[in-house]
Amino acid sequence: MSPASAGGIAAIERHPLPIALRGERRRLGDSVFGAAVALTGGVVLLVLAAMVVFLVLQGLPAMRHYGFFSSITSQRWAPSEASATLSTPNPYGIVQFIYGTVLTSLIGMVIAVPLAVGAALVITDVAPRRLRRPLSSLVDLLAAVPSVVYGFWGLFALIPAIRPVVDFITSTLGTVPVIGVPFGGPFFGVSYFTAGLVLAIMILPIIAAVCREVFRSTPRNEKEAAVALGATRWEMIRIAVLPRARSGIVGASLIGLGRAVGETIAVTMVIGNAVLHINPSIFDQGATMSSVIANEFTEATEPFHLESLFVVGFWLLIVALVVNMLARVVVRRGVSL
Amino acid sequence: MTALLLVAVALALGALAWVLVYVGIRGFSVISPSFLTHNPPGNPAAPGGGFFNGIAGSLIVVGIATGIAVPLGVGAAIYVVEYGRGRLRGAIRFFNDVLIGIPTIVTGAFVYAVWVTRFGFSGFAGSIALAVVMLPLVARTTEEMLRLVPTELREGSLALGATRSQTVLRICLPTALPGIITGGMLAVARAMGETAPLLLTVLGNDLFTQLNPLHRMETLSLQIFSNAVTGYEQAQARGWAGALTLIAIVLILTAVARFFGRRVQVENV
Amino acid sequence: MGDRSTGRSWFSVMLPAIPVLAVGLSACGSGAGSSGVPSATPSPLCAGVNTPPGHTNGVASVSGGASSLSGAGGTFVAPMMSIWSAAYNTSDHVQVAYQSVGSGAGIAQVQAATVDFGESDAFMTDSDIAKAKGPVVQTPLVQAPVVVAYNLPEITSGLHFDGETVGKIFAGQITTWNDPAIKKLNPNVNVPNLPIAVVHRSDGSGTTFIFSDFLTKESPTWVSALGGKDKSVGKTIAWPVGIGGKGNEGVSAAVGQNSGGIGYLELSYAVAQNLTYADVKNKAGSFIQPCVKTAANATAGITDYPPDLRIDVVDVSTDADAYPITGLTWALVYQKQTDAAKAAALVNFFNYVLTKGQDVAATADYTPLGADLQKLCVGQLRKITLNGTPVAA
């Protein structure tokens, strides 16, 4: 059954229409329905395209003034040094923001995805039946907590709790000559690492909730067949649950990653907002592309300041595009195996 | 392996419980029936008052946004999974994923430039912004759930002579319904908690109740934000109580959605 | 089978542990809200009750005003605006909805005419007004001091600082608390040997504008470290060192959580968060504690106000008891109104703010306008016209 289902999914990938549908008889209601969903698909595309166009148009004056690639070749963001006439050097360099986005999202995903998948597996297959609904609800409603609340929790609950641990790391591992550089101190509470942790907690419920649904949709007979053949619980999960769920897990992770990359308020409260250059240690202050947009958007009055924030948004879109393309490659490789 | 899984879930649930308990401790002293029925006092340092205008406003703004985003998102997902072919389908899926990662403040700026500059700040503009935030989430999760419906079910239905639309409406959607509801409620939860896009589209109305979505309204998320970032302890305590209220509202909405979803499923499958 | 029951019993053991752990961790963490240090003992200049100014020179009430107004602007004045709004609604039944989105955003909304009035800590320049849809009347509403707060648990009195020393600290050239420059200003205080953790604002802010304006006027080191006077003042600064906190609460949290932290905040915030702050040297040479009274003195003695009231009052007054880092905050209203109801409501509301509203300012640790300035501000209201004729009598 399981390979057939995987083959079925692969069939959808290669042949979008099930065989039975080719040359079918079409009734009016069917055509109307088909047209309606096609229309909604079109609306979605339209909205997305409009937003991309909007971003590009808003950022265009800065790109024209400073040069298209100039913002990604500099790591110094200093709006107070901008002038309406001077075009080099570009005071709106964003390399440090790209670094911050990648680093904090990476920390967040590395922590959140395994925990979320594990939690989802426990909720669907391991936990006693009575506990499944309350645990599911706990996970679900944490997706509703506003970012500002996570920001405050990060500032006043998380930082004091991790300070002793981080101080220990910076004073031991951080003092080692070469490999200790990413772990060096001093630790002021706000840092890339803190932001990564806060992001992990924020995206955990989303990934767990989607994975839970994915695991729950495993056909019961497959699970029972595996157990009947003598599999332990873990083997049953590995044989019957996980293979079908690979694409779903990647999808859930991408949704979580999207939230992590686009998160503004919580990150800016705990990352320290150092915009002038990349700082080497994960316990140093930094900034992400989203956090700088949120921080400076409402007060962007310098020449080309607001336009450059839209340029940051544009490059954020590019980063998201690259990540999604990579994820697609991963899924396609997995399915064909 | 079981031990590893249990450690993972203990860490995950422990951290989530930590956040909840923290919010609970900070806001507990302020939660009371009057919190739900009164507006904030003018002086942020004054105790008492509540977030009635924010609660009402959130329900209205998010309600309208859900009414826009869910049909569009589910429709787009149905198109991508059941009907689409080739390029268009791939384009929709791809752009949809990219849109999930856009910072919501950019969405707010987009709606500001397109709508607010022409029609002014209003609850409805906020609904549009939230709908744009919710749409890719609903579309993505619905798509995932529809793809997990076994092909055998579809083929069986078609073999019995049903049309494609009947297959989708009677077989695929009900089978995937619990997952679609989860996706929808995740999107609603996200929308209830969003602040940045609402700052640029609704602008907020902290002290007064306004139920007409064509005017400036207050939402719970905006109210939590503005109260939490003042220096006054009373205002901050109200902010935390507001966060508890928001979580409770989402919990109730999710339970209601699940209840009706189960009834639909029982009737159809 | 054995696997199942092991899993279940593990579970029922671990589950109760989770909430207990969570409560424990929360109890540890929630105590770190403020620095927990009592504020500096009030200096004689600040002691005593702040008498309300009791202005009665407002314009006559205009009839036919709208029942609601929409405004947006800086966060600096937001708590004050909230108090005014609520009181005005009770007395005059007009709902003034104000949202703090930042001074820059306030100006932008005025330029786009999406709000009835704007509010900003930095007045609109000529180029700002050029982008608006017409001439703009600007009137200061209230004054407030920006304090230099620090986290040195053993020191409960206000440390003495002058502009140049503060400038050197924020430029990164003084890096420890027991630096000779600080010791020279505070010979009787035992300053600990801690590194200085500088904290500044990460978001653009009127508070930053006021603070950097002071540093530019008093600290040549600050100006040269930033590369010139055009770069050392502004709502946004390229800070050479330090942690960027988002908003006043971010600065307060960062100062409170790091021993040896120093940052700048508005007074009402520092008081609400129970932070210790410094006595700063003014133009007359005295070290002054920031409070309502000393901030009020900052505009005393200024006589040459420009007719449009666009004046920079930071570090200007030569009054011996003036706190130097004091700024104004402006309301922004279109001069040529077209909607009779809105025009009347605007005039009435700002008339309230400039008269009765000044009486409640001190209760929120904001500073009422000086008498000379307040008179000129009321005069600004008379400039608002409806189809050519002034709205106010």
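Read from first to last, the chains carry the letters A, B and C; within each, the first residue is number 1.
The rule we apply is simple: a residue touches a chain if its C-beta (ideal position, glycine included) is under 8 Å from a C-beta of that chain, and two chains touch if they have at least 3 such contacts.
Predicted model, so just to flag it, every value in this text is computed and none were measured.
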Report task. Could you find the chain whose CA centre sits the greatest distance from that of chain B? Result -> C
Report task. Can you pull out the chain pair that has more C-beta pairs in contact than any other? Result -> A-B
Report summary line: In whole angstrom, the CA-centroid distance of chain A from chain C equals 36
**Report entry** Centre-of-Cα separation between chain B and chain A, whole angstrom
**Finding:** 17
Query raised in the report: Which residue numbers or ranges of chain B touch two or more of the other chains?
Result: 2, 6, 13, 17-18, 20, 22, 199, 228-229
Report task. Going through chain C residue by residue, note those that touch at least 2 other chains and give them in order. Result -> 3, 7, 11, 25-26, 29-30, 101
Query raised in the report: Considering chain A alone, which of its residues make contact with at least two other chains?
Result: 126, 157, 233, 298
Report summary line: Within the complex, chain C is touched by chain A residues 78-81, 126-128, 131, 155-161, 186, 188-190, 232-233, 268-269, 272-276, 285, 287, 295-296, 298-302, 305
Report task. Going by the contact rule at the top, pick out the chain B residues touching chain C in the complex. Result -> 2-3, 6, 10, 13-14, 17-18, 20-22, 25-26, 41-45, 116-117, 120-121, 199, 203-208, 216, 226, 228-233
Query - chain C - residues contacting chain B, complex - result: 3, 6-7, 10-11, 14, 17-19, 21-23, 25-27, 29-30, 68, 70, 72, 75, 78-79, 82-87, 89, 95, 97-101, 112, 114-115, 247-249, 252, 268-273, 364
Report summary line: Listed in rising order, chain A residues that touch chain B in their complex are 5, 8-9, 11-12, 16-21, 24-27, 29-30, 33-34, 36-41, 43-45, 47-52, 54-55, 58, 114-119, 121-123, 126, 135, 137-150, 152-153, 157, 201, 204-206, 208-210, 212-214, 216-217, 219, 233-234, 244, 247-248, 251-252, 254-255, 257-259, 261-265, 289-290, 293-294, 297-298, 310, 313, 316-317, 320-321, 323-324, 327-328
**Report entry** chain B residues touching chain A - in the complex, by the definition given at the top
**Finding:** 1-2, 4-9, 11-13, 15-20, 22-23, 71-76, 78-86, 88-89, 91-92, 94-107, 109-110, 113-114, 132, 135-137, 139-141, 143-145, 147-148, 150-152, 154-155, 158-159, 163-166, 168-169, 176, 178-179, 182-183, 185-186, 189-190, 192-196, 199, 221, 224-225, 228-229, 240, 243, 246-247, 250-251, 254-255
